[in-house]
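Note that chain A is present in both complexes that follow, paired respectively with chain B and with chain C.
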Partner chain A sequence: MLARLLFLGMILTMSVFSHAELTIEINKGNDDPLPIAVVPFGWKAGVTLPEDVGAIIERDLHRSGLFDPLSREDMLSRPSNASEVYFRDWKSLGVDYVVVGELAVEGGTLVAKYELLDVNTQRSLLAGTETQPASRSRFLAHTISDMIYEKLTNIRGAFRTELLYVSAVREGNDNFRYRLLKSDIDGANEVVLVDSKQPILAPTWAPDGQRIAYVSFETTRPAIYLHNLVSNERKQLTNFRGLNGAPAFSPDGNKLAMVLSKDGSPDVYVMDLSTQALQRVTNHFAIDTEPAWAPDGKSLFFTSDRGGKPQIYKVELATGYVERVTFEGDYNARARVLGDGLGLVMVHRVNGNFHIAVQDFKRKRVEILTSTELDESPSVAPNGSMMLYATKHNGQGVLAAVSVDGGVKYRLPSRFGDVREPAWSPYLY
Partner chain B sequence: MQLKKQLLGISLLTLSAAVAAQAPVEDINDRNRGYQSAGGMNEELFQQLQQLQQEIMSLRGTVEEQGHQIRQLKQQGLDRYIDMDRRISALSGSPAQGPADMDSSPVSSPEGDTGDVSIQANVAAGAEVPTAAAAAATSGTSAAANALTGSPSQDYANAYELVKARQYAAAIEAYKGFVERYPNDRYTPNAWYWLGELYIAVSPKNLVASTQAFQKLLADYPDNGKVPAAMYKLGTVYFIQGEKDKAKTMLTHVIDRYGKTGNSAVIKAREFLRQNY
Partner chain C sequence: MKYQSKLFLSVAMTGALLTGCASTDTEDSGQSSDVSTYSEPTQSVDTSAYEREEPQVALETVFYFEFDQATLTSKARADLNAQIQRLKKTTGPIRLEGHADERGTREYNMALGERRAMAVADYMAINGIPRYRIETVSYGEERPVSFGQSESSYAKNRRVELK
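Presenting the complex of A and B:
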């Protein structure tokens, strides 16, 4: 019974958190990152640029963990196009790839010409021109990062994605100010979506990247809201007695899985978003929670303590057939399916510490990815390369990222207080 | 689902039985106390229900984990078998060496024994690999029917390859083709022996055809190195057919005739007699 209460506690707990703006701190890189030099982009004199495009690209590539950018002080020259590049210089600096580029402002439009060069073969691998309104210079930089990343890794880049998270600021003794925030994936361009005196939980993206769902206590009771980011319209979807939680959009975006306790113990339901009709998916006196869709939309993974301890189960929607998925360890919860459907990311307890772990469906092995304690809420990037999770650092709630192979780690510490519940967006462009 | 309902049903039944058993006693004594203890009893029932739920949950957890362990063990067993079989096949040599082995060691033919073990093991493991075997068998049929090359040793090797791949139906076709095409080849007795073996390895067994193949070997090649093994096998086929006396006579004959040679067929015949008579 105690274990069960603790488990329920985990679901309901909301710790103290405060407002934040994210900064990035890389604490573990890949063992063998590619040495690359992103030369500061050249630009015509007399124009003030709002952002250092080259620096944004450099930080994007560095954050992916797969690249080791050369620091600007070490560069022997600063070419801005391929004809100015002396490959021998770059070779002597131990660099494999060089990115050069030029910026120009034409009217209100920012034009970036860039080129990716292979130092060893002295060839151009990629050359292109990107244009954006001057106000979207960061976006332009992320676009170039995506191009370079995909060219060199053959993996689609996810630098133009966004992040949802929740912060709380203490205002007076027992009062908190909760905010649902959206930012670029590097923490910039933070926008407050919801500002409330009551807790906000479990933000999640629809696959179209235009709608989100979350749980808000603004009516003093938990309710699930659907929020359109384009029109900024909000709609309260549920107002049932008891728990209303853990929303998760189906892969086609037409349905929302959720946890309701209106019929007794918490069970998983699926709501058709056009008709708001509810389908009960699980029916058990134990706690069933944290649904996550399989990529084909035909089954749901969920956490249940029906076997005495929280474990991940899978239920087929058509038949209601339930099968247990995790067997290693006495606590596995909050599963998220990797984009390719080949594995699960989840919270896994070892020796009393909560870590983020990956379970590969084929090899059936559980690999622990994080070395911190009290890790929770993993959220996977749409290209499956990295995931974000919430953890504690120096007693503070911070967001952290880890590559799916565990090789790369970085933290996004908040400048003030606690942040939690990260949700990585799908591809937006 | 069904099981869960039954379990719940049972727990509810037990509870109501408890109510029925206790309630009247309280009523007779004192109405007031009866009410109080009815409340107390509800609480107790609630506690019991919770205990039962906890118990069911932890049992469910154990059942799930044991089911998982059983699946793992089965898989491990299968993996181990496949690994062992692969090693044994490797030891018994490539098909090109196979026939040579049989010739060089006509009496205590290790090759024959190995094949025997392999087939037996497969029958035992048959439940585990039905799809693979079936698929192999069907895919093999066309391959086997595919023509003889004209070189006896090559054709024999091809057929033996099918045995190693456990495509028994296909192997039968191949050996049948072999004995028709090369009635006087030095490998013909071995082909008859394998036909005998294969007819009891395929599903369904063809005991009559197996008997005929072994008898053909014994009648036409009485001095062949495969004879002791064929006699032993024929004895076991008779036994399966229910002809126990005939089987006993045949096995006893193997022991009498080859007892001093140390042939492995003798050891097996003794073992078989000990276990079945």
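Presenting the complex of A and C:
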């Protein structure tokens, strides 16, 4: 029944809120982005397409910060295949790469032929054909974006990933509506997963991209829920006295780290998801919270105020050995490990303001990536290139993204009051 | 604000002494303010509204804290002492909801809210309220009562509510 309701909720949501437009603000001053032209894809007359595939690819590449797409008004011609491309025209516009393509609908299936051309060598770098049901034209576009991105950067693209986040809408005095939402990584195709009058927080993905965990207060107390996105089954995992929070899946997906205060003060525990057996990982009267797994699954980073102020510590699961990891500043919290395991991203306080910062393990330097005042909840893309975080804009909670080098920032639009706690999915395809 | 609260408190205490069961008002509104999942609250429990209107006989049910602190202020202790006198005459369960302002991370604030609720619970227990009657729940920064990014807003949100 619940599953059915949820499903109904999804359909309603998809029809009411279609896709979002992004506010992209690129901070210059880093490496020059690659000048590229994504020519509007040609299509056969008489066929109506639900989406502008070329525009989606262009926005994907732009949002990555590594590309500077030529605006359509500046294009001298609109070729839809390689034989129609006059390289001199594109060279005169300062463009290094051109993407051309053609779309056709064959029996409800959308077929896209596309080609990536190098203007300077006048050669084809990539040519391919993608097919999807016509209803999945955005997905088809993101697939092509991934191909182009990987070809030109040697980094795997993350345009076919998804995003979990929480919204809170105030509906009168002391009355809120909380929603757990999922969307494509560009904010499109938003669906409601859970809708409640009680707080929802800390959504997180399992490495398989099929299961998620989060905290819901729907019983009037916090509890951790495990939710399968494929079967739409959900299960309450914890019901302990006190805090039940901060779930984090182990890299192998078999365990869930969490924070419980059932034994007195908040400590980090690890639950085996097959047996639900609990292992206590930290044991200290201070606040220990916000566990994040090291990539090898053998240790956990966590926030603790055992030294007086919140700092990041690391605990070895096998021995319980704890060491402090952050030393710069008097507030470092909610660490997430960068994909390569070479550093942490965290919330770092400077002059009373909370920013997203990266700490490099080798150089031990803290680099501040954001400049707004109440930045929190960083979540790193599976390819390590960008991260999403939550901040305030004109007094409202919004989601924003920043590249790991700080050079690119953009904000995602929100339709649902305050939005917070973005969680970037692992690779899904 | 402080004077007003003190005045309010003394009026409230006098009222409590005079009428004995004067605070049922507060308790009722506390329950209707919704901790149950899908019920509509029937009335507002904005305590500031009480203070502005003619002070009814009601005890303070919200106890405020300093930034990043979980120790009781003298004002909170005084308010709690009055509550404790009342609660000693009752036997029902007591729910303490801890809250934090929005600065800092959500899970850390969840822990801070619990610390505050525990501070109130401990104070009650030391002063003769049986521990088994008291439940603490932290909402962290998830249920603010004031919405600006100013110190006065933040101060209203750093609180423990007696339900």
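As a working rule, the second predicted complex is superposed on the first by the 396 of 429 C-alpha atoms of A that agree within 3 Å, B and C clash if a C-alpha of one lies under 4 Å from a C-alpha of the other, contacts with A are read in each partner's own complex, and residues count from 1 in each chain.
Note that a contact is a pair of C-beta atoms (placed from the backbone, for glycine too) under 8 Å apart; a residue touches a chain by one contact, two chains touch by 3 or more.
Values in this document were obtained by computation on a predicted structure and should not be read as measured data.
Undergrad: Quick one: on chain A, after the overlay, do chain B and chain C clash, or do they fit? Just give me the call.
TA: In the arrangement built by aligning on chain A, the partners chain C and chain B fit side by side.
Undergrad: Name the contact category of A:Gly308: first (chain B only), second (chain C only), both, or neither.
TA: In the superposed model, A:Gly308 contacts chain B only, not chain C.
Undergrad: Between chain B (first) and chain C (second), which, if any, makes contact with A:Leu260: first, second, both or neither?
TA: neither
Undergrad: Look at A:Val53 in the shared chain and tell me whether it touches chain B only, chain C only, both, or neither; answer first, second, both or neither.
TA: Neither chain B nor chain C is touched by A:Val53.
Undergrad: Return first, second, both or neither, reflecting whether A:Pro222 touches chain B, chain C, both chains, or no partner chain.
TA: In the superposition, A:Pro222 contacts chain C only.
Undergrad: Looking at chain A, does chain B or chain C touch a larger number of its residues?
TA: C
Undergrad: Is A:Val270 in contact with chain B, with chain C, with both, or with neither (first, second, both, neither)?
TA: neither
Undergrad: After lining up the shared chain so the two structures overlap, which partner does A:Met387 touch, if you call chain B first and chain C second: first, second, both or neither?
TA: A:Met387: touches no partner chain.
Undergrad: In the overlaid three-chain picture, which partner chain does A:Glu421 touch, first (chain B) or second (chain C), both, or neither?
TA: In the superposition, A:Glu421 contacts chain C only.
Undergrad: Between chain B (first) and chain C (second), which does A:Arg324 come into contact with in this model arrangement: first, second, both, or neither?
TA: The first partner, chain B, only.
Undergrad: Give me, in Å and rounded to a whole number, the least C-alpha distance separating chain B from chain C in the superposition.
TA: Superposition on chain A places chain B and chain C at a least C-alpha distance of 6 Å.
Undergrad: Please write out, lowest number first, the residues of chain A touched by both chain B and chain C across the two complexes.
TA: Residues 305, which sit in both footprints.
Undergrad: For chain A, which residues count as touching chain B in their complex?
TA: Chain A residues touching chain B: 1, 4, 284-286, 305-309, 311, 320, 324, 327.
Undergrad: Give the list of chain B residues in touch with chain A in this complex.
TA: 1, 4, 50, 53-54, 57-58, 60-62, 64-65, 68
Undergrad: Provide the residue numbers of chain A that touch chain C in the complex, in ascending order.
TA: So the residues of chain A touching chain C come out as 168, 170, 172-176, 178, 196-199, 201-202, 217-222, 242-243, 245-246, 259, 261, 266, 287, 289-290, 303, 305, 310, 331, 333-334, 347, 349, 354, 373-374, 376-377, 392, 395, 420-421.
Undergrad: Can you check the complex and tell me which residues of chain C touch chain A?
TA: 33-38, 40-41, 44-46, 102-108, 110-112, 114-115, 136-140, 142-143, 145, 147-149
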